[in-house]
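Submitted below is the structure of interest, expressed as structure tokens.
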Amino acid sequence: MILDKNIIAEHNDQLLADHKRRFDFLAADIPNVEAVLDKLVAFNIAIPSWALGTGGTRFGRFSGGGEPRSLEEKIDDVGLLHALNRSSNSISLHIPWDIPGNTAAIIEHAKQHGLHFDAVNSNTFQDQPNQALSYKHGSLHHTDKGVRQLAIDHNIEVIKYGEALGSKALSVWLADGSSFPGQINMRNAFNNTHESLQAIYDALPEDWKVLIEYKPYEPYFYSTTIGDWGQSYLLASKLGKKATTLVDLGHHLPNTNIEQIVALLLSEGKLGGFHFNDSKYGDDDLTTGSINPYKLFLIFNELVEGLDAKGINHATGLSWMIDESHNIKDPLEDLLMAVEAIKISYAQALIVDTPALKAAQAENDVVVAEGLLQHAYRTDVRALVAEARLRAGAALNPVKLYRDAAVRSTLIGERGANTVATGL
Amino acid sequence: MILDKNIIAEHNDQLLADHKRRFDFLAADIPNVEAVLDKLVAFNIAIPSWALGTGGTRFGRFSGGGEPRSLEEKIDDVGLLHALNRSSNSISLHIPWDIPGNTAAIIEHAKQHGLHFDAVNSNTFQDQPNQALSYKHGSLHHTDKGVRQLAIDHNIEVIKYGEALGSKALSVWLADGSSFPGQINMRNAFNNTHESLQAIYDALPEDWKVLIEYKPYEPYFYSTTIGDWGQSYLLASKLGKKATTLVDLGHHLPNTNIEQIVALLLSEGKLGGFHFNDSKYGDDDLTTGSINPYKLFLIFNELVEGLDAKGINHATGLSWMIDESHNIKDPLEDLLMAVEAIKISYAQALIVDTPALKAAQAENDVVVAEGLLQHAYRTDVRALVAEARLRAGAALNPVKLYRDAAVRSTLIGERGANTVATGL
Amino acid sequence: MILDKNIIAEHNDQLLADHKRRFDFLAADIPNVEAVLDKLVAFNIAIPSWALGTGGTRFGRFSGGGEPRSLEEKIDDVGLLHALNRSSNSISLHIPWDIPGNTAAIIEHAKQHGLHFDAVNSNTFQDQPNQALSYKHGSLHHTDKGVRQLAIDHNIEVIKYGEALGSKALSVWLADGSSFPGQINMRNAFNNTHESLQAIYDALPEDWKVLIEYKPYEPYFYSTTIGDWGQSYLLASKLGKKATTLVDLGHHLPNTNIEQIVALLLSEGKLGGFHFNDSKYGDDDLTTGSINPYKLFLIFNELVEGLDAKGINHATGLSWMIDESHNIKDPLEDLLMAVEAIKISYAQALIVDTPALKAAQAENDVVVAEGLLQHAYRTDVRALVAEARLRAGAALNPVKLYRDAAVRSTLIGERGANTVATGL
Amino acid sequence: MILDKNIIAEHNDQLLADHKRRFDFLAADIPNVEAVLDKLVAFNIAIPSWALGTGGTRFGRFSGGGEPRSLEEKIDDVGLLHALNRSSNSISLHIPWDIPGNTAAIIEHAKQHGLHFDAVNSNTFQDQPNQALSYKHGSLHHTDKGVRQLAIDHNIEVIKYGEALGSKALSVWLADGSSFPGQINMRNAFNNTHESLQAIYDALPEDWKVLIEYKPYEPYFYSTTIGDWGQSYLLASKLGKKATTLVDLGHHLPNTNIEQIVALLLSEGKLGGFHFNDSKYGDDDLTTGSINPYKLFLIFNELVEGLDAKGINHATGLSWMIDESHNIKDPLEDLLMAVEAIKISYAQALIVDTPALKAAQAENDVVVAEGLLQHAYRTDVRALVAEARLRAGAALNPVKLYRDAAVRSTLIGERGANTVATGL
């Protein structure tokens, strides 16, 4: 299914008058509104190929219908999203779930949707059929050199796929850990991981980055070998300048101040990118911004402040990606909501009165400093984000149009009601 | 595979001298050692049918070999465990994973292993093939009366299976909850749950109990309708005297004082039973006692004190069951370790100097009171637990004998290397 | 210091045009805007007498200046707040920190500020000079009947003070707990607490409520005898209809779903009132709404929905009170910010499209249901709250006026720079 | 009060026969028992001067009697402890709470008790009377260079005191942080801290270490500038080889795997030392080993394994210190219990069958590997620790002797019942 431009235009026409009224009211309060809009238009968030189907937990999975059955159909889904919001111009692949057969055709297929290929992701947390050695006890950290080499080779293969597609980064999330005290020697596991990553790093093209993700627990429940930002940072700094840390918002212990980690990694030149989602308890993989939207804003506030301090381009300086599991909602609606929440937070961060904030901080005027953040956050910036969409040729209200255009039922018609996409 | 009695006898003969030395040393310090041994011999922990295969997480499952392919083989596995430690004389079934075909034959099969049937468990967190309505949005709490009725009917069917097998309790764990603010009306969901449970309660035979489990999150990640002990207690007290609360050790928020909950429920006459496991982060379902054995001891300390205060028989007064997911270890070895850890904690609780403790508490002599608990806990009671096994006709060292007798490889030979048992 | 009405009028005149523009824009979107405004005007939050000075932690206290030196000056401070925002028409006293000498004069003093007396609070977590017995090991839960009686007598004395002042509720927060396993018998402690509370309950005037607060830890660090909502509920239901539960937002374990507790207590007729604050880690006692404003909104969403379902008046049906520790900010500014955050959340909850929400919930349309809450929350309702203030005769921007009128420096001039108010 | 050697000898005589029986039984199982005993004898844990009085929380403090009134009396108290257990041969001072007047006399006084001076601690989390500038908004991270310099100068002064006393390390715990979003610029705060620490580092004698402590929250409740091990590590690695990380067991978010942090810091050469205590919720500062003794053992298991792997002497390679707040127990009894728990954990770690563990880990035999740790932990090593005390000339049962000798009442007689030592 492809969303006709006329459908979007018609949708916008109906909503335009009301939108205009809201935007004008809002714009009157924002001194640099055009600059803010430019940044919002330029800001895109990559969609992971594995988030296009219904997710599940270990207790079960309630599949929806019309899920993509192939890489081409995954690209089509991201194309639909991008047509609706013009904010997701790339797709992030996961190998071996998404092995591209005819690379040239796949690139061309993506290009027709205005899409390119974001970071490629390796998978060493599952065994593939007929795999010679098992990842049951880990991959890059394994005691057995043979298993480590298998995982290294797989990562290098993923880089090769990425190069063919024009990707510029490898994301490495390692499940490697232990579930019981004594199970592993944690020092050796860390050093093995370093050595394995070095081999992968050495195979990385010059203009690539490797993004090292961290996570405190799950699927192992006693230790994880790359368990927190400090461990990821340590590896990234040992490896060299192409290695950076990837922050998945759900991969933290309770009460962690994530925005401080973000500020620090950015300051040290080691922040590589994000996996956006939200959570209340653990790695819940809920829609970004659905549980604690103020936290999301505070993270963007650090990002905007920190990127500007270093003169880094907001849109291209880091890898921005969603990583969610859509167990309950229609995956495409969920992704539209996530992108909306991200752009709202970004817009709020863009309208913070930075000079006033710096002055208040310099005087330790806590009430004024906090009040400036609260003012930006309490401002209803939805019309600003909508205006950016309008200017980019997207829909004023993507979820509404998605429903009005009966996208899901069309997809079910095309693909069937019982398709199950690869993913968790 | 059935473990010959001679094998056990031979194993014990080899270890007996050393055991005797250790037991005698220990017994000299325990005034009422025979009474303690009697209690240890009488204490059995039920094995859940779903814990006999390799468990997994949403990220994958690394199956072992020789997993039971049928209810009969599950009973055989529990029979093996019981032969090894004489501490697990019952099995807890899960419907529809374990629908007994020929009930009389199943009962007879179990009896040959010295086993009976513990609480039966219903399952309304997964859809079965061709199910008319879906549990995607819950079961007993559902907005749709039809779905609630389906779940009620299923629970009543489970009771029927249980009655046929001689079970005396129904365990209800409800996944029902929500993943996003606004998704459900929490008050209505609670009241619907109450109404549904009432219908199930009314179908309960007079000599049965219904055990209401609680859990704060997973598989839903914003709210769970029976989320904590207070909610379970509230439902149980509304329903009546046959309804009690089931405590699963992994179903608590970080830092919860579980032993206080246990003491209070017991005092109020509403503690029904346990699902034993251990965890560091969430519902990790690790081997009981593997992460925080002192906590397990403190729970047993409250249990022994509270049961004695009420004159309730330790072995039969509550439902004792393991509920773990064996992702990494051989499931049977894992269960042997869990039972051992439970009995060690129970033995330590039995040797607490209760009169001295009461006296110290009365005087608020914190150092002495705490010291008495620490003394019992620091005592190495393994020889006591082993002696109880010896007297019951079991093995002095069950894990060692399990390995020496090559049980797993025999099971693989009998059942194949690629069997996958039902469960998570 | 008393804020002249002309000063407020002048302040409002300056801001009126801009306010009008914002309010009109907003009002156009709210169908029942007048009804919402009436509710906002009627809604008051009590100020605790102990929150008017600079708070501290165990590590130290950095006192500000001009802190109230007497009960009269505390009333003056609340009078100032009420003049600024017309949203805090009562003060909550803490005995023995605030023993009223001449009751009639105190009542008259308060009346001149338009204030009355909210719940009175007892204190059995500190020893007073020359106290016969110590609360070191607890009060109402103590093993020593003499200590329990001392604490009972104190609570009854607090009720007497409250009666004289026209208060209608007693708030009981018990520190009682233990710091080490074995220190106390938790069952006995609970039963002692019940018995002691019964004695206090029996002394309660017919038209009074007793509010039973719960808290998981601090100042004891192993167990707290009234540690969670379930324990408070259990006591309140044993005591009778005058006994209810008080929810302090900071008194929960990590990740607790507080709004679910609120919904359930309200549904069961056992929610008595609130202590508002915010926190990231524990009982941090930060400004309400400063860490997770969406959570505050979700709580108000349950409150509005639940109170309406029972036909209870929002303003008078529950006890609304702030309980914060102002370690860093000027206490009066902090309280103004807290009241603003509460009223914003309340306003957002009032504009939720309830019929649409119910319909979406009935159909399990998660995206629409959640979207309705997000829409209300993302709406910038500050002009609505300001309009309610304007209509009540208060300042459009209380913090700005507080600063413009140099309130703090005036208070320092009147009271001195080194005064230290009673409190934590 | 000084404990006469005869009293100890008499005490030991009474307990010796029973001790001998227990030790012999235990020793039979430990191949290298003499080597283990040597290590236990050599292992000392420093006592902080501020832990000798009754601690408190922000809610109050219930002082005991006979608390030390001067530095000399604090040294006397540590002398008493050391006489009782010969395991605490040093005292850690806190400036300005413990400014030594006549240094030579103080050193001599300590020497008479067999004590020397461990790490000196600076204090920039409280303002001292007449302090020119305030630490209300931090010290080394402050926006005001003047405040930073004040704190730098203070730390350098502390080093000078330490040099005079023969100390070899400076412990820096910074409260510096923020309680509200926006209050500080976290990047600048970190960089200011780095710059300030550099100035202190430059003033450090060549043979000194600076130990950089981290803590996630309290007394500030939004961010702490040195909040986790990663931040401490980052600063320590920027500063140079004299800078290391100090791990306080209570300074972690819920569920943190502390032993993994310890293993990693040790491996990277950046582990400087410990502050021992235990906790259930936050920085509870409870007696070491009182809440989760298995965790303490697992930490020592990593320490022994990691120190041996690097060939570092256990006793002298790191700084070992207790840091607790004794709110409920007699401080001296509490410290004796803490030292006992530490030595028990250390002894258990020393008897782990390392070659067997390495073999099991190499084969990923989880059951055997974990079982080896559990075996060491379940072994009752108290007689081993007691034997080490006996050989060192200390008491077999220090707490018993402390009580039998009526130490506390003697101290009250000497110092009075209402003394309050400096500290929290």
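As written, the chain order gives the labels A, B, C and D, with residue 1 at the start of each chain.
Definition applied: a residue touches a chain if its C-beta (ideal position, glycine included) is under 8 Å from a C-beta of that chain, and two chains touch if they have at least 3 such contacts.
Since we're looking at a predicted model, the values are computed, not measured.
Annotation of chain B and chain C: jointly contacted by A, D, touch as defined at the top.
Contact count check for A-C and A-B (C-beta pairs in contact): higher for A-B. Mean C-alpha positions place chain A and chain B at a centre distance of 40 Å. Of all residues in chain D, those that touch two or more other chains are 136-137, 179-181, 183, 216-217, 222, 254-255, 257, 280-281, 287, 290-291, 294, 328-329, 366, 370-371.
By the touch criterion given at the top, residues 25, 254-255, 257, 280-281, 287, 290-295, 328-330, 333-334, 337, 344, 366-367, 370-371, 377-380, 382, 399 of chain B touch chain D in their complex. For chain C in complex with chain D, the touching residues are 56-60, 62, 125-127, 134-137, 175, 179-181, 183, 216-222, 254, 279-282, 284-287, 290-291, 325, 327-329, 424.
Looking at the complex, you find that chain D touches chain A at residues 136-137, 143, 179-187, 190-191, 216-217, 222-223, 227-231, 233-234, 253-257, 259-260, 263-264, 266-268, 294, 298, 301-302, 305-306, 309, 357-358, 360-364, 366, 369-374.
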